[in-house]
Amino acid sequence: MKGKLNLNFLFALALLATAAVLPLFLQRTSGGKYNMIVLTYAMIWAVAASSLNLVLGYTGQACLAHGAFVGIGAYSIAIMVERVGINYWLALPLTCLLTAFVGFLIGLPSFRTRGPYFAIVTLCFNVIVYATFENWTWLSGGYAGQPITLPAALSGRLARYYFVLAFLVITLLVVRQIVKSIVGASFLSILSNEGLSEAVGISAFRYKLLSFTVSCFFAGLAGALFATASGRVDSSITSYLHSFYVLIYVLIGGVATLAGPVLGAVGLYFLLDRIKGLGEFRYVGFGVLLILIIVFFPRGLVGGLNQLRDWARERRSARSPGEEVAG
Amino acid sequence: MSFFVNQVIIGIQLGSQYMMMALGLTLIFGILDISHFAHGHIYMVGAYLLYIFSVLLGINYWLALPLCMAALALAGVLVERLVYRPLRGTPSINTFIAAIGLLLAIETLVRGIKKDAVRVPVPVDRSVSVLGMSLEVQRIIVILGALVILLLLQWFIQRTRLGIAIEAMAQDREGASLVGINVNRISALTFAIASALAGVAAVLMAPLGSITPEMGNLLILKAFVIVVIGGLGSIKGAIAGGYILGIIEALGVAYISSTYKDVFAFALLIIILAVKPTGLFGERTAS
Amino acid sequence: MSVILEVDGVTKRFGGLVAVNKVDFTVEEGSILGLIGPNGAGKSTLFNLIGGAYRPDEGRIRLDGKDITGWPPHRVAREGIGRTFQTTALFQELPVYLNLAIGYRMKTRSHILDVIFRTPRARREQKEITQRVMEVLAFTGLAEYFDRLAGSIPQEAQKRLAIGIALMGRPRLLLLDEPTGGVGPEETGRIIDLIRKVREAGITVCVIEHKMKMVMGLVDRLVVLNFGVKIAEGPPQEVCSDPAVIEAYLGECIA
């Protein structure tokens, strides 16, 4: 277990180092600069995917409203900064809290349903949000959208890259703290066996709501970062299509793993950008891939690897009982 | 007054479409426990098939109807065989996610081939006067067509052996397989029937609006709202719910706002589920 | 001795079927009560009523004199009733130690901010959890399996783990639904020993059992259900010679 932890740690460190030095090379060419922007967006979706992972992967509740929550986050910060005149650095945490609060309110009725019905209710909420932002031009700024003025520190492309990277790392650290703790174990218990968690004193409703609210906090963060990266928000960001895409990032990357959603989001976003020439047809492959994954590899790629590793470990520890200590 | 009656008729016509879609969904749910979220996209494919048959190939509209139904029935069988059957016995959320993959693939494939909206001409391009307001004949055809379909379905379920087997399976899934009902055959048949129903809805409705790759999205959500509100797996609930939603929507458009017409259904769903998670008529919970 | 659990005229109907029909009994603190009866007698339903999974149509359930009728399961659990299920319920995909840790959640108070910022409370409770997990691992004899996935350990160990999970939260009353079901004869002995140990630790036990022989030596009192109705109650020897019970069991009891 110790060895595995170290390996994971080294792997994470290597990834982080790569992400940190990559811009130094990308900065040099114009193609590289473009890729840096693509990577910035990819990391924003990685934040969104990690947030969905908390409620989908660990708690087992398939939320299909993350497009709406990312959208609400993006619009909140833009409107706060631009129209209300709140300082950007204050608007950022306020946005996350506001999105979390909206999530909490939506979670209250939605968690009276389960499984696919929870997914449908949240999708309905996303449709309402999307329709509202599409039609209510006073709120959304209509076709032109809502611009946002950034603080000077974030005016550069490179600065925004590191800014997003920093928040991705923070998000992952927080998610890690949660899932390694007794609270995270309680989330997992609901995913694994809701009846038994209730029988050991865990209120499934409360914990679902909790994981959903925290998840929305980070979806709001992703939205705020999106507004920051693009400098302008329009109603398309609230589309339920984003909910589907984020779902796919998590499922393909691997549910209930820290690295899965990040690799899924960055990898797929980057890949989609590479094959832009295919136009709409790219997403056909997306859909088919989703079906194949759910049929053959329901835990995603990283989950699949873990499955293999657990299996190997089971075989080993079946022979020699472990002497390590729990906790 | 006549405006009101006219709106109600339009509501019934909208409801006919919803009802046919919700019936298919509720059959699939009640019999197979599958949340077939790509059903709206089957409808969309049906509308495009009508366009291909009647506009591109010049086939008569009334001949295109059975052609579309047959083609969609086949598509439904394929979907069941290729997507849902491998997932039988896994958590229902997996099936749902597969359905999302399916709808994404279908929608983007169609959009990739033809991005812009298309239209098919109305077969009977006339209006009649109802209480002084003019009403397109096609709307009346939709209403009557849906009624014919309802009667046919009724006959099928009550009078044929297969229909009775389906009914038995909807009542008690495990019991039915114990009495030796062939589950695979019933699954395929259920999908064929539900998809053919979507085909009827698509062919009847398509001439009244434009055909787009996205047209299935809102429709499937509304059909699901009806199924949940009407009680999962309940045929009566789907029929009543379909007409009720159609009328609410038509009146909402006329008297409240046409911009937010699509929001009524979903707001209604969230409110109803918050108050009564089992739906209005159902005993099975939405779980 | 005081009464810890009081089941008072409890009835549960499923449609037309009366699964539990006006059942009363009480459980003395520190004792082991056996609940027996043929298949479909309503034993598991009765546990589900006490544990809060179902809400009774009639009657009251009291724990230490406190009315807990209709409480949701998680509140009942916090009030001090631990339970296992007939079809062994575990967090199958999670390791054994985590299964146990989850059972202790109700005794800890760290909330989400505590765990994110690793506050002193979170760290203290984490230690507490580890300590309690070690205790229960030792108590149930599961130490060798501690990092195996719960679904992958032997059937009999799974049964003990289910009891262990219920013990984590230090319940005062433990409901065991067929703890030896589907387990071979030698291994049954280990589970019986565990149940005795639980009682020695001062925990009151209610146990549903099919195997009459096993029950006889273990329990202080027996309650017999048949078709939802309590048909006999008393010390095991006495109940066994009751004609109504013999009839319900078709003589199985005497064997």
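By letter and in written order, the chains are A, B and C; residue numbering begins at 1 in each of them.
Operating definition for what follows: a contact is a pair of C-beta atoms (placed from the backbone, for glycine too) under 8 Å apart; a residue touches a chain by one contact, two chains touch by 3 or more.
Just so it is clear, the structure is predicted and the values come from calculations on it, not from any experiment.
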item: Maximum centroid distance from chain B, chain identifier (CA atoms); value: C
item: Central chain (distance from its CA mean to the mean of all protein CA atoms); value: A
item: Inter-chain centre distance, chain A versus chain B - centres from mean C-alpha coordinates, in Å; value: 33
item: Chain B and chain C: spacing of chain centres that average the CA atoms, whole Å; value: 48
item: Between chain A and chain C, centroid-to-centroid distance (C-alpha), Å; value: 40
item: Sites on chain A touched by chain B in the complex; value: 60, 62, 108-110, 112-117, 119-121, 123-125, 127-128, 131-132, 135, 240, 244, 247-248, 251, 279-284, 286-291, 294-295, 298
item: Contacting residues of chain B [partner chain A, same complex]; value: 35, 37, 83, 86-87, 90-98, 100-109, 111-112, 115, 217-218, 221, 224-225, 228, 259-260, 262-263, 265-267, 269-271, 273-274, 277, 285-287
item: Of all residues in chain C, those that touch chain A in their complex; value: 51-53, 72-75, 77-78, 82-83, 85, 89-94, 97-98, 101-106, 108, 110-112, 115-118, 122, 125-127, 129-130, 133-134, 137, 144-149, 152, 165-166, 168-169
item: Complex contact set, residues of chain A against chain C; value: 1, 174, 177-178, 181-186, 188-189, 192-193, 195-204, 210, 214, 310, 314, 317-318, 321-322, 324-327
